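Next, two complexes with subunit A in common: one pairs it with subunit B, the other with subunit C.
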Partner chain A sequence: MLDSSPHVAETPAVAEIDALHVTLRRGDQDIHAIRGMSLDIGPGEILGLVGESGSGKSVLAMSMLGLLPGDARTSGRCLVHGDDMLSAPAEVRRRRRRSSLGAVFQDPMTSLNPTMRIGAQVAEAAESDEEALRLLKAVGIPDAHRRMGAFPHELSGGLRQRVMIAMAVAGSPSLVVADEPTTALDVTVQAQVLALLRSLRDQIGCSFLLITHDLGVAARVADRVAVMYAGRLAEMGPTGVVLREAAHPYSLGLLGSRLSLGSSRTEPLATLPGEVPDPTRPPAGCPFAPRCDLVTDRCAQEPVDPVEVAPGHLSACVLPIEQVRGATEKAREKEGAPPAGTSGHPAGSSTQPQGDVAVDVRRVVKTFWVKAGRGRKQRLAALRDISLTVADGESVAIVGESGSGKSTLLRVIAGLEHAGGGEIALGHGVRPQMVFQDAGASLTPWLTVGDLIGERLRRERMSKPQRVERVAAALAQVGLPADVAGVRAAQLSGGQRQRVALARATVVPPKVLLCDEPTSALDVSLASGVINLIGRLRRELGMAVVFVTHDLSVARIVADRIAVMYLGRIVELGDAEDVVHHPRHPYTRALIGAVPDFGADPPALPGDPASPLRPPPGCSFHPRCPIAAEVCADPDLHPRLLGIGHGQVHQVACIRTEVL
Partner chain B sequence: MATGSTATPVRSRARPRLLSGGGTTRLSQAAAGLFALTTLIALLAPLIEPYDPLLPVGQPQLAPGEQGFLLGTDSIGRDILSRVLAGWQSSWWAAVIVIASGLLVGGLVGLVAGTFGGIVDNVLMRITDTFLALPAPVIAIAVAATLGPSFAHTLLAVGIVWWPFYARIIRGEIRTLAARPHVEAARLAGAGRIRLGLRHLLPGAVPTAVVTASLDVGSLLLTLAGLSFLGLGQSAPAAELGADTAKNLSFLLQDWWIPVVPGVAVMVMALFGNIAGDGVRNLLGDR
Partner chain C sequence: MIQLVSKRLGAMAVIILVLTAVVFALQKASPFDPVHSMLGPSASREAVAQQRHALGLDQPLPSQYWHYLTALLHADLGMSYRTRHPITADLATFLPATAELALFALVLALVLGTALAVATTLRWRGAGVLRFVLVAGASTPAFLLAIGGILIFYQLLGWLPATGRTSFTDAPTGPTGLLTLDGLLAGRPEVTLDAMGHLVLPGLALAIGPAVSIGRVLRSSLVGNRRTDYVRTAMAKGLSEGSVLRKHVVRNSLGPALSMTGLQIGLMFAGVLVIENVFSWPGIGQYTSLSIPVGDFPAIAGVTLLLGAGFVAINTIVDILQAVADPRIDV
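So, the complex of A and B:
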């Protein structure tokens, strides 16, 4: 009953976790995933659980659902309505899950049964078709009646996640565990789903445990935030308090390394040095101590339990809160300190690009033919008449959601795909090199790092010792020790792999460095380090950079100019600051509004990004556009990029700009 | 390990599999042990055979253990243990030769087809399909008819029908690998076709090839046994596990050990091959 079950306010807590320890067995090693966590979730509360990969947040979710693997060793309690989901008999846990719990996971495609129609799957949880239809309508699925008969693969990612949410809230659970529910979604869709979670809470009064790696996501919807680090609670408190007056050095570090549309473009981004401790050998004391600037002798001795620093605000740090906050400024200066003699721009540069052109893309078209079942093929227009010039030494970011063609454009420039029409001219010099989103997959697994980097030196006639020296120099330049040359990619962490990929791309500096979402698979603190590194390499080696990202706040930091793409066309192009702070195209405005940030909560853009298989006629954005007029849908309309303002540097492809 | 200020040490999960304990490792060790044992028996067979495998050395049809013949004697009084050891040796070498040459030829065809793709792939694979359609006995008879009957010619015939399996498997594996980002990254790094094939693709197909090959020992032995049955195997007095089983089937009811012992030997060798295959797969599994 979505609208008729007011939550019972006198219940003390829906869920209570007390001194929880979970140790998992993987291969022949013990993974100490959770090492003493206590927290509770009140009725109707949204608790945001924030942590980087390996912090144990997903294991906590599984504990709460009573779904830990059989060989997990646990201690402590994990109560849901008084039943311990760790020790209760399977039957009790099953009943609890059915009556009181719901779950939403990151990838709805793997959570939904691909062979069952949507309606049947939801009805399984809702117990009747009528209830299923009502739930699908309640989670905002347009044309819900027709969609009941669809299979999961026929829905977009955003709609699939809504179906998962409908199943999770079926039967009015008192707690929904949502593990990274928006991570796989585009930003505009993410904003819709987050808004949906909150409106569901308001309607049915169920609590949410919202697990996320992104503080911005938690900030947007959570009432309270808990920060986890290496299986322990670092800090917990009301959202506003934790974000504004963080008390734990780790939270401060996370907040500091987080990018927003207001981050400084002229200073290096703050990063956390080092990496998350190995969960097979957790440190005896405060797990954050090895990375902490304020570390004292006491920190390494024994684990620190969270203590109340203000009413309802817990922090697990031995230092008095004043000392932690006082040292924040000092901490900011440490890791990111630029080498002497260079100004500290993270990646954007003040040096005017020279006149020469590094990449000149002229009216490029790229069409794929994708299988549409029964031998038929369907046209996928990935790039529709793209023109873009990148000057020597310039950095241009290409921003867009999935299906916008941004990666295809990069691959065409790299020469990995042939353009179907138009021209691509590259400046003279070393051919473009590319850094991939999944650095691990881009490194041949059976070759050593030294082999991979040295491969690019084969054209140059040099002796073996010379080559070894060049490889070591390239590694040093990305901040890795020379002995990394002897290991394989599998032995490196995610951040190290991305650095190796950068060393490989720059050992012979290319004219243009192409970056395909190099930071989106990395944790926040590591991503900042990689962004700083790309900026430094670019300045030192004089490379032009084309940086593809879905994240405008990253684009603003790394780029001199930003190109916004939608369904194979560039809809806005201009100086990074101009585009972010004075966006002209309604789509750019929606993208900026959707960036999860503290305190901001503009209305979400309606609808899903249209499919490149069927781009709407005229201006492809018109079905979602708040200012669209009838003429925007005219099939003969081909919106061109036109300069606005003085200098015509800022270009927009919208015939309705005068309305804005 | 020395580290810079911004660097973190490389995680120490460097290839511990062979050294540390654990279920996977034990299986691999067992597999390695069995492989070594099989090879050792094959190599040392002439030294450890108690009697000449070709000559009658005792009364015919003695049961295992009787008069000191550990596995008994066959219908004309030859020592079965000696014949099994000699047969083990010849089967083992036959398996090694056919599989190794199959891997070599099939691997080369699969690698070239997979790496180059397009027309090269099409032509090579159609040729492979043609060979795949040939039945082993027919080829063996044809080879025997043209070159004369001999065990070497039988192996040649089996080799001719054997490599296409490997060509298909390795080509498929290479095609899958070729779609992975590391191949694109290598292309951008300036690796040419040949380098791409040998350095960035072939090593990735090795685990599958090795696993397939070791799992193949069983079916290869059975094929050879079948050819022996048709008289296309080792010529008459020579010990051969398949032939010894097939020819002596008529003794199954009264003197069961005469066909069963060499048959069990075939089974054991095939089983060793399979366990070794599983072990190799586990060892290389995380690629």
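So, the complex of A and C:
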């Protein structure tokens, strides 16, 4: 897939974007969202458009669909089959959307009408019920006939996104704009959806503009990759070339800060310094210049247009490509020997919990009663007999897909939920502190950062100047200047908010820090910074950390040990490196296979994660398991974690491990 | 669905039961002595005692309440002290006029509210004027609006009648009791037209406040819904603006407007009492305002129960409609 580019440059492009500028009005400010983009999409091509939040990639998508807000100011052209989606009359644009374009958006829950049946929604695009049914079958919706009558909330996330895709490809469009189509999905489902997109391209021959923040996603399916930064094209070329021989310093930075299962655990993750420029005041020169290590005097003067550095490979950098590559290699060599103590991990990660116990979870059970349609209540077994010990200063990651119970476990440890059975002992009796995924929502909007952090000092007797000093010290510890204390959360960027949340959690150093997906809402370069910070805080303050994440590559970096959860049970537990590189449970193996990585492309795990409302009997994973035997479905089977290898630190709950 | 409806109906029965208890308690706590109201101040001590016994007022309270409830189940609300008729019969006489006025006002409120919401959402020409007129109307007390309406449209212009339901002395009295309908059924369209004319002023005075409340709620949910992801999806499908609005925006905006309508009907019942007096409308409102000064408590209690039960019934229907409109609602 990486090297096949069946598209000859001479064939007429499906879409041509030429010198596109888009300025949006927000309040009384101009947002310069796109500032000169040119690109073509060939017939049957999958173009991966990669960029961080604020790069303008979604605005580009709306431009192609002709759906920019009415007050947007545009220049340049955005042609789809010869019609300019910027300037053509509304009726022409609408007909283009109807006949030639399809769209898939990020969140399939909100992108489907909640009060309209699936079949009716697809039929709106497909013109008839028969065609809608055929499309639903074509995108792999099991039992499609019955699902036609279902409402969106009755489907799983993966199925909803398949419904969106069915609507997008209705009427055989020539271009489908897919804006972050897999970001809201679990990894195993993401792999399925990406495979579906590619097979639809092969069957229908339509082109895809696949917008994503994740280079790994683009690497998996795109023929070509375009990297956007601050409204401009940074680099574009065949996928393999951009990933292996990137020519733009920003692409190199993005590639460098991207976590993979092979990232080094013994040194701090590479991060991009600084943040994306303010779109209301874009810089005159190269927008990446303020964050670039190789910046020269020429960079800041005038915008740099993309130039061809190799056939079909464009890069917008004034420096010769040899200089860019040479500099990154040099930087890499210099990083080869990290100064002692910068690592997020004690040397030689200990797997045997040492010292006192910080958190002891023993046979914990948690059951919710949820409304299950028409007034009935249903049992949701969120945690089914969980035991886990975290030693003082140890970091344990809990990995699982949605519905695995990982967040519930964290909330039970935090004391935010009562366990329905079993015991939870905290070694020091002190309440742990918690950091959440959405830092914006977890910071009270009308309080200043100083108030938010100072709140936790209320119990300690101290004068006001002392308190101000403590707050400033806490901010300094998370790498924020002291004057941040005076602002409110809304004025901060996502990365800064997460740092404030960490400062609040650590101003009185807790013995245990609980993190619920603290990096999954952040861009890659910022996420790396937050992960480095958590590692440093943990070491400096001697905290134990329990880190919930859906991302195995994050888990491997932050944790000494990894616990993999599936439907309320821990199915594998062991040393982080062991679990990732020598997984024993078939589910862990599937999870690792589904992590989008360059070059790797194992077959996707079939099926959706089963619902915790109806966990399958026996081993809950058996319906999706490639090595399941008849006994695995036995309702009397309760797979227990059993040690394997010497030391028995690596534990697996599978009765079929000998098959592997 | 069946479960939902039965659950709502059960809740409705409980609320009405509580309402009867409250009304009963108020009756007992009120300073008016029903026996004195009936017999007058000069009645003899024996006559009073005899009447007390006849009314069952010498029994303990729980048993009085029990008798009250069983009578209610037989549609027996007692006798009015003032008219000396069974209250059920009185209500049957006066209810149709009020029902016609309230229904007309409700339809008017819905039409005006929807017009306000749609016009301001789509920024139609003249939306500003409509909004100004309605909001100004809604910020004026209903009785003032009514008096102003009479001064302008009756006295000054002479376009509309100011009092009563009809100008005919031989207007049909059945079968529905609603003059607009009865006129048509009796083959006398002139009666219907005349009744409509009588309805305009009191109807408007009642409807403008609720219209603005309903319109505002509807507008904010229309605006909110137009920004949703699924509307973006519908636009991306290449549907026309009209069908996006009809199929995706409007239906999802109805829920909040429906609950607001349910609440406004309650306020409208209260408004009816005042408006009927201003327009000499021969309905429940007038009946009540004649009953209050003479302490005709059975009549007041009857009206309270009737309007209360009506309000609860309407809000039960609103709840059920909301569940029909939104499949995610599960009460």
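To be clear about the criterion, the second predicted complex is superposed on the first by the 619 of 660 C-alpha atoms of A that agree within 3 Å, B and C clash if a C-alpha of one lies under 4 Å from a C-alpha of the other, contacts with A are read in each partner's own complex, and residues count from 1 in each chain.
Just so we're on the same page, a contact is a pair of C-beta atoms (placed from the backbone, for glycine too) under 8 Å apart; a residue touches a chain by one contact, two chains touch by 3 or more.
The shown structure was predicted, so the numbers you read here are calculated from the model rather than taken from an experiment.
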item	value
Clash-or-fit label for the pair subunit B, subunit C on subunit A	fit
Angle, in degrees and to the nearest 10, that opens at subunit A between the C-alpha centres of subunit B and subunit C	30
Which superposed partner A:493 touches (first subunit B, second subunit C, both, neither)	first
Subunit B versus subunit C as contact partner of A:635, first or second or both or neither	neither
Partner chain in contact with A:443 - subunit B first, subunit C second, else both or neither	first
Contacts of A:647 with subunit B and subunit C, given as first, second, both or neither	neither
Which partner, subunit B or subunit C, touches more subunit A residues	B
CA minimum distance (subunit B, subunit C), superposed complexes, angstrom	5
Doubly contacted subunit A residues - partners subunit C and subunit B	none
Of subunit A, residues touching subunit B in the complex	27-28, 273-275, 278, 335, 414-416, 431-434, 436, 438, 441-447, 451-452, 455-456, 458-459, 476, 479-481, 483-484, 487, 490-493, 496, 501, 504, 529
Subunit A contact footprint on subunit C (complex, rising order)	1, 3-4, 7, 228-230, 232-240, 247-248, 251-252, 325-328, 330-331
Subunit A-touching residues of subunit B, taken from the complex the two chains share	1-8, 10-11, 13-14, 20-24, 180-191, 195, 199-200, 203-204, 286-287
Residue numbers on subunit A that touch subunit C, as the complex places them	65, 67, 94-99, 101-103, 105, 107, 110-116, 124-125, 151, 153, 164, 167, 170, 177, 371, 373-375
